[in-house]
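Below are the structure tokens for one structure; questions will follow.
When the chains are written out, they are named A, B, C, D, E and F in that same order, and each has its own residue count from 1.
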């Protein structure tokens, strides 16, 4: 452990912009991408559920 | 006027429907600008020197690339015939198509040029001049290009003949547009270059729709 | 084999019938190479330095410009369907079309490049290398381009998507092709560059017709 | 209202027709007949003003034709599909109305498409439709764009039996409402009456 | 010789047809019928091997189809004109024969064009021909390219009365010589006999 | 003769593999992927935490580059993954073309955005490294350029697929493009050898001893593992969505939602 303070850690020996810019971009994109993928999955599921509901309603009105 | 807006809306809708179209015109611009450093080699001083020329030539070529499609699709499927027969004046519809073309092919280049210029290590004020010159120049390219596209419509040899007709007319825009940035880098005044560009734009805005309409009528005969 | 020759003959006949086509591809090459001196300004040393890069980029762009038409016309009017159903193997007909494309768009560039290079003040031996590199490189451009043309056939976004797909694949040819001439000017050995180009050409000659045929069958489905 | 006199047309060195003349009043229609290559399409294109005639004149309400009034009151559907393959039938219809400067709400457009038997296809891109369905999308414009003179070149091509009957009915309704029509077709037309012009 | 069984095809989410089967022997022909959008064109494209079927199989002389033999013995003419607008009818005919690897001398080609009523048009670029004349150029291939199975999609479209009769005769001759044909058309066909397949 | 037997055995194995791929239906793959995803997330988290710990608290300051070198811990994994994912994508594409399996096309389509993301990260972090080290955000160096080409290939693949509506056709066209683009991978990898460039040469080499501090190497490897697990997890999530989108009209999807 060679950091003497939190401030020193964040300063990254004067390379803060570059180091944090890189790590930050990675973290940001790697958080956003799974969320987007997950949302895509949820959207399909949602629309499938809606369709099934509609099917059921059709069926009910058809038989009654 | 409503018909003009309707045309703009329609063309933009069509382009968006083909999703990739808008993005890829821009990609072409990006790729062409990055081809030159590859062909020429990575010397920063040399690259900075030729940057304005390259950006302008790339803008010119990517406008050119989209031109054959400006009227061709409408011509092939008969929509252009219908436009010519429409109660709205054909000139208005044509103006709408030109505006849409600029919004789709010209404006993105203007917005992107500063970013690409950055890669060539141009400084902020040079980038400003570059953007301004492109803002005046790209509508000019669309207007002149429309005349060429209409003249070569349905003609044998299409796209390449179009390039042959249009490129010479683009040369003044290229010289003054790239010249403005170079003059600025050399520390000279750029007012002259830019006002010449503006004058050419005004002239073209006045005559090009008219010439294009006439050429389209001939193509439809 | 007879079918291959028949395709070559047919495509050349069609191109000659549209007279302007052959000439204008060449004109495009000429005009693009002469745009740069206009955009960049007339400094002989600078121009000589960037000459190989510019000539190669121009060759690449003028090949690209003709690519969308490689299969499009045959697709639109249904001839491609007939080819796919013909008793002659489709791969052979496709190879014929690629050969014809090179004869029409590639070969003229090779023949013209020395003349244009002369304008940029390149000396005789550099011109020789340039011609040799183009002779190996332009068929490569046609082969790779054919794959792209087949993949984007009838797809929304057509021509520009094609550029997006094909240009990245052209980059190695550009680097080695222009690199050969630059290396020669710098007094280095060019054998490595040229043999790499030749290797890429052999690879492409082997795989491209196959990939193109597969892509065409997909497009026809 | 439409009077044509002394019309002549040649293509290449071939004279297709000369001295063609006719007049159409409200409720009347003209059947242009002739073998392949006789010049029917050429005549139609002269009529609507897409190409100039060698001789003769065409008057609409007494005015020489390519007038704005004429363009507003005439609709021409040719050999071409004239629909955008990437758009849906509904979008095609609404956008072409917008270009003509005609207001067209979604309801009317949809009704027209359904009348032409495109129910369930309103939201597909035209590209995937069958040959006959593409023609129907074009024909839907007859319902959404008010016009007095209908100029239809081989409009019955590629249509199935039901659609042929439907289009016949549409034309008959249009004539009954005081409209006019100029038609070509190689099949017998399911529209009663009509003058014939043989080229 | 042509046996089809259990053929199924869907487009998008729509099932166009399933379990289509038939057999054609020498001298027989099949009339594929159905409303616009029923799937006639789609069926033809499956038959000739342009697109893959969802299920089912197609055999020619007992072999599964996209075989070289099948391609040699079959000719398919679709909705498209499939002629080069810049070439003359004669050039079109000879070049397409060359692509198929068939020898075709000028005399035979000319005779075919004349039989199809294109006399005097052999040397015009196809671009200037009328709609019906373009179709005739395509149909001339039936005479110059020997084939056993003719697959013709709406071949009677755009033809005038004389040409319809002529094509009917051609088909009848072909059948009498032991050929086979699969046809679609919305009009009644001037060919006697024939099985019907309604989609 | 013994060889003969082994040869036969080989055929048997490859045939059963082919059978497996052929019947690896979306229907059975969908739940399987669902069960695997949490494990990959967990692995990604573990490796990620360990890797970050080493990158920031264990690895020593570099003698030449100071703290700036720490970018290596994201730059190299992202670069590796961008190339590796392309290879995997091309593998699935080839499989789809050869065996006409449904899952392969979906896998290729699911991998592309993640690959593009990795290529973008490689470019981004490289640029953020280049500015302090070389004094420029971007230079037209061979490796940088070929990585840019890779990024464009990913974009091209996605644009091509987006431009074709029929999924079957989109898969096949995409597969052909992916296979053609594979030539770019060796170019990226060997570019530092073939041209004398600004970019770092290989530090990891199978034949030579690593020229890098042991702890740095460990940090890089752990981060690479984390990126790897992450990529698998995201791609599987996306492939599940794609399976449902494409198979929405089949019976099994209606029951798979419970």
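Definition applied: a residue touches a chain if its C-beta (ideal position, glycine included) is under 8 Å from a C-beta of that chain, and two chains touch if they have at least 3 such contacts.
Everything quoted here is computed from the prediction, not taken from an experiment.
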item	value
C-alpha-based rotation, chain B on chain C, 0 to 180 degrees, nearest 5	180
Numbering shared by both copies at the chain E-chain D contact, with half separating same from different	same
Centre-to-centre distance between chain C and chain A (centres being mean Cα positions), rounded to whole Å	44
CA centroid of chain A to CA centroid of chain E, Å	55
Junction residues of chain C - those touching two or more other chains	17-18, 156-157, 161, 164, 167-168, 171, 175, 221
Per-residue multi-chain contacts in chain F, two or more chains	145, 152, 155, 159, 163
Chain D-facing residues of chain B, complex	2-3, 6-7, 9-10, 13-14, 17-18, 73, 76-79, 81-88, 93, 220-221
In the complex, chain D residues that touch chain B	48-52, 68, 71-72, 74-76, 78-87, 91, 95-96, 98-101
Chain D-facing residues of chain E, complex	11-12, 34-38, 40-41, 79, 117, 121, 124, 128-133, 136, 154, 157-164, 186-187
Chain A residues touching chain F - in the complex, by the definition given at the top	1-3, 9, 12-15, 17-19, 21-23, 25-26, 29-30, 33-34, 37-38, 40-41, 43-45, 47-49, 51-52
Of chain C, residues touching chain B in the complex	17-21, 24-25, 27-28, 31-32, 35-36, 38-41, 46, 49-50, 52-54, 56-57, 60-61, 65-66, 68-69, 156-161, 163-164, 167-168, 171, 174-175, 178, 182
